[in-house]
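Below, chain A partners chain B and then partners chain C, in two separate complexes.
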Partner chain A sequence: MSRTVITLGPRQLGLEEPMYFRVQTAGDRVAGLEVLAGQVHRGLEHLTLKRNFYQNITLLERLCSLCSNSHPSTFCTALEELAGMVVPPRAEYLRAVADEIKRIASHLFNCAVVAHIVGEHALFRRVMELRETVQQTKEAIYGNRMDLAANCIGGVRYDLDAGRVGYLKSQLEGLKAPLEELYRVFADDPALAAATVGVGVLTREQAQAFGVVGPVARAAGIDYDVREKSPYGAYDRLSFQVAVQAAGDVRARALVRLVEARQAVSLIEQCLDQLPEGPVALMSFPEIPAGEVIAKSEAPRGELIYYLRTDGTDLPVRLKWRVPSYPNWAALGEMLKGEPVSRIPLIVNSIDPCISCTDR
Partner chain B sequence: MHDVEATVARVLEGVLGAQRGEPAWRRDAKGGMSGWYRLGNPEEIPMVARALAGLEARLSMVSAYLVPSPQNAIGREIAYHFDLDGSTLTLTLELPLEGARVPSLTQVYRNADWQEREFRELYDIEVLGHPNPGRLFVDRSLEPALFERLIPYSTFINGANGERLWREVQAAQEEVAP
Partner chain C sequence: MHTCKVPPLPKLRLYRINTGSCNGCDVELAATEAITRFGLDRLGLSFTADPTQADLVLITGPLTVSSREKVLAEYAEVPDPKITVLIGVCPISGGAFRDSYAVVAPLDEFVPVDLNIPGCPPRPQAIVAGIAKAVQLWRGGEHPPVSPGPEEGSLTENLRGRMRYRAEACVGCRICQHVCAGGAIRFDEEEAGLGFTLWHNSCLFCGMCSHYCPTGALAPTREWDLAHRQAEKYRQVEKGVVPRIPCSACGVPMLPVVPELMKKGYRALSAETARLQTLCSECRQVRSLEGVKRCTT
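Up next, the complex of A and B:
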């Protein structure tokens, strides 16, 4: 069979960000994939070396939008670990609240796009309406729908009084039944099942070989979540079960995200119930000594890891991070191999890729 | 001794010999473990990586950087970060500023592909045996390590340079003044 090479850009893939692909086809099937990154490479890791630690919190929050809270919170964790700072317990819970509310919005956005691509427009609208509840909640609590500006070195920059706790709880209550309903739809709806079951499969072995992380890994049976494997912040005091599926297909990835969205509601409720009294940040700020440190978190797309190297000044010598989309991109070729070309947009979106994070 | 410490010590001893010592392990505020170990030469990294793969370690990230700092670099280092079921082991490799070369880990870890292509183009470190050594982010018309060679616009126009320039102008004026 003759082979053809086609180039696909973001428009054809339904992506909102610039990434290009060179696809080898055999007939109407995908035979090979080359990911062409770098369209929005901004040299951000280099830029962090020109800014002090405070300025980098602001810069890192603008790295991407959907997981914007994970970057500054993980960076702050690295600095706090290096300086031996003990973050106030109330701040740890408030960081978890911000992380989990972002997780719900991020996961719902991806499930909405999946519904859109398979032509389930009514479902797309329902998921986006539910996500809008989360967006409005973020705006009410943080003053912004995407970049929450919640983190500072040694704690957080916001607090929840009794009124806001009550408001947040009522908003969470309103999410529960629709999230249950959405899970049932994605699990049982015949039309969705026909479009997603057995599609874009990544086996457990392939997932391990490519080192994929987050919902993509957990949908392939890998029981790994940073919040459980190496707890940070308040997660050592919160209870949840790692969402794992075995099929490794598009449906499994959506189900993992919907389970995690439900769990995020529970995690925020646990935080609000356990929220201790006390300061939300350290009043004094120690020197950041020379050294090197690793900090990790479970961002909506999976494990986010930071490496920070310092020399005793207020500028990093090296700040390196690996976003969860990074290994997941490389495994995309395995998921697409042998699939009809018409399924490319659905499978690409099922890994919930973040181009802005990847390119940096 | 914690399980991961003993297991990694045994693996490193098996590959590199007992005289090389053990990683320095640190426990973070929540009990998370991070181990730090310096390799002797580039040929050791594939051997150690293969042994770690046998422990189902995941290559988590690779960090290349200039030492002691980008402003006064006299050498390079690469830190290979491996995940061992939640603990992180960092293997650091010292490299020369010029002519730095490392063997590819793609035969052991498929996800080394992008990591190696990235540090190859941003840090001018040659990767030996990479199956797909094309550019990842930076246009192929640009020479490697452009951040080391070119002056970014932000540096070019920043306040420190402007202040230094003004002081030079003032000093020059004082010299010519009677």
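Up next, the complex of A and C:
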């Protein structure tokens, strides 16, 4: 059998972001994989130490635009913990609304990409159209389609009046049937099944060994979701079932995301129904004492961990992340082993990798 | 009557390069391409995956040190003449990532740029409007009309577009500059007063400045079509001067206390508060102390 080494770039991998793989092949199969990271390294750890907490809220929102709300909201949570601030309940709910709306958009984008790669172009357009409803909603409520600018230290920077609540509810209503339908397509369509079932399998044991998180872990039967295991913000007052699948293949990952998109709709509705009265933020310029803190959340790609150390000034002394894509990248070698080279783009995209988070 | 058929213009081909973005601009570009409503099709364009076939290059992201060599080689593969369009403030100015050891910005130090489309990220309508201007540059003359479709007013009510500054409401507290992650705001002590400058090509359209501004001197407008020729790059600014006025008691030049701030500080504005407004902080203190004296004696 012929053994060769090939290098694949973003275009061959079907990625929006620059990432390169060195793949060892045996015949037409993948025998080994080396990820050549670093193209999107922007020196974020260094930059955050040069920016004050307020500037960092905006900077961190640009660490990755697909999980853009998870970064500033987790960062603000860390600061609030250090300052001993109790965020007003209304703000907790509004943070959850922002997080969940981003989750729907993020998951749908990944579904669209997967459809595109398996050659289902009509489905790709359909998912992108559906996602437009979410994009429009974000723009109408927050003022931008990607970066919501929803968070500030002590709460959020936006409010929902009765008119906006009504608008949001009707937009959500419009998402329900198409999301159900999309789930059925990914679950039942024979062509999609042929392309995704049993492909890129990560077993439960492997998933555990690699410590993967998010939809990649849940698709392999691991019942772990930060929103449920260690609820933050409003999540202890919201109800949902952790989306778990057993197969650990490309389809299982897509199904987990589609279930989570449907759940996100319900979570936002619960937030709107329970939305307590009151302020949306505490005072503007709190003192952040010296200290050390860890905060975590369930970003669209899984558990996001923030480590922050402060010295009493308004510049961080150290800020470090464990982003969800990091452990998930590492497990990719297992998912690809023995698969045909032609399936690499599909399997890579099935973990919904975020390069700007990982390279930062 | 004019009956001869004009042969259709050949389709222009677009090639995309991501130099290390947060993926915001790229995801929006993907939506721009996928959603026909945005009207990219009507401009007579198609995307190509082959740089040697391209006429227009769209570049997103800040140029990172590690992608630089690959990006410049890829760019060189696109045959001349070509039109280079920068999407998002990252390649235009470095955006949120300016002055990092890992980023070499702005991109126009490395490649000749024709058109800039500011935003972080710009909305698809802004991307299409910008590309239409690039097509016009390429073809000469009028660019084909772009209509991104009707937009309901209420849907864009909150849009964070170009920032607007009103010197008459500014107290010069500089909190906007303090919270600005883009480094877009600068204050200068000028002869006429306190000079304010905001660079739209560095702005991240985050609205942090307007959120913390105590008087509402800064606010986002709904203006989103900010695409401009490279020659106009450094003219994309918002400027204003807060004039100094002499203190009505001692004559020292001072920044006026604006009504917006007085309304925050006092329950009701009266002749007395109007007089306080014309005093410098020291004279104000003296006057307040006198007031205290009057009360206690």
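Keep this in mind: the second predicted complex is superposed on the first by the 357 of 360 C-alpha atoms of A that agree within 3 Å, B and C clash if a C-alpha of one lies under 4 Å from a C-alpha of the other, contacts with A are read in each partner's own complex, and residues count from 1 in each chain.
Criterion: a residue touches a chain if its C-beta (ideal position, glycine included) is under 8 Å from a C-beta of that chain, and two chains touch if they have at least 3 such contacts.
Predicted model, so just to flag it, every value in this text is computed and none were measured.
Applying the stated contact rule after C-alpha superposition, one finds that A:52 touches chain C and leaves chain B untouched.
Of the two partner chains placed by the overlay, chain B and chain C both lie in contact with A:38.
In the superposition on chain A, A:303 makes contact with chain B only, not with chain C.
Once the two complexes are overlaid on the shared chain, A:327 sits against chain B while remaining clear of chain C. Once the two complexes are overlaid on the shared chain, A:136 sits against chain C while remaining clear of chain B. Counting the residues of chain A that each partner touches, chain B and chain C differ, and the larger count belongs to C.
In the superposition on chain A, A:152 contacts chain C only, with no contact to chain B.
Overlaid on A, the two complexes show chain B and chain C touching the same residues of chain A, namely 38, 41, 43, 46-47, 50, 359.
Partner chain A is touched in their complex by these residues of chain C: 18-24, 26-28, 30-31, 34-35, 49, 61-62, 64-67, 70, 95-97, 99-103, 120-121, 123-124, 154-160, 178-182, 204-208, 211-212, 220.
Chain A meets chain C in the complex at residues 10-11, 16-18, 38-44, 46-47, 50-52, 54-59, 61-66, 68, 109, 112, 124-125, 128-129, 131-132, 135-136, 139-147, 149, 152, 157, 167, 284, 354-356, 359.
The touching residues of chain B, counted against chain A in their complex, run 28-34, 36, 56, 58-61, 63, 65-66, 68-70, 79, 81, 83, 85-88, 90, 109-111, 113-115, 135-139, 147, 152, 154-155, 158. Those residues of chain A that touch chain B in the complex are listed here as 37-38, 41, 43, 46-47, 49-50, 80-81, 86-87, 208-212, 226, 229-232, 236, 292-294, 296, 303, 305, 307, 309, 311, 317-318, 320-322, 326-327, 329-330, 359.
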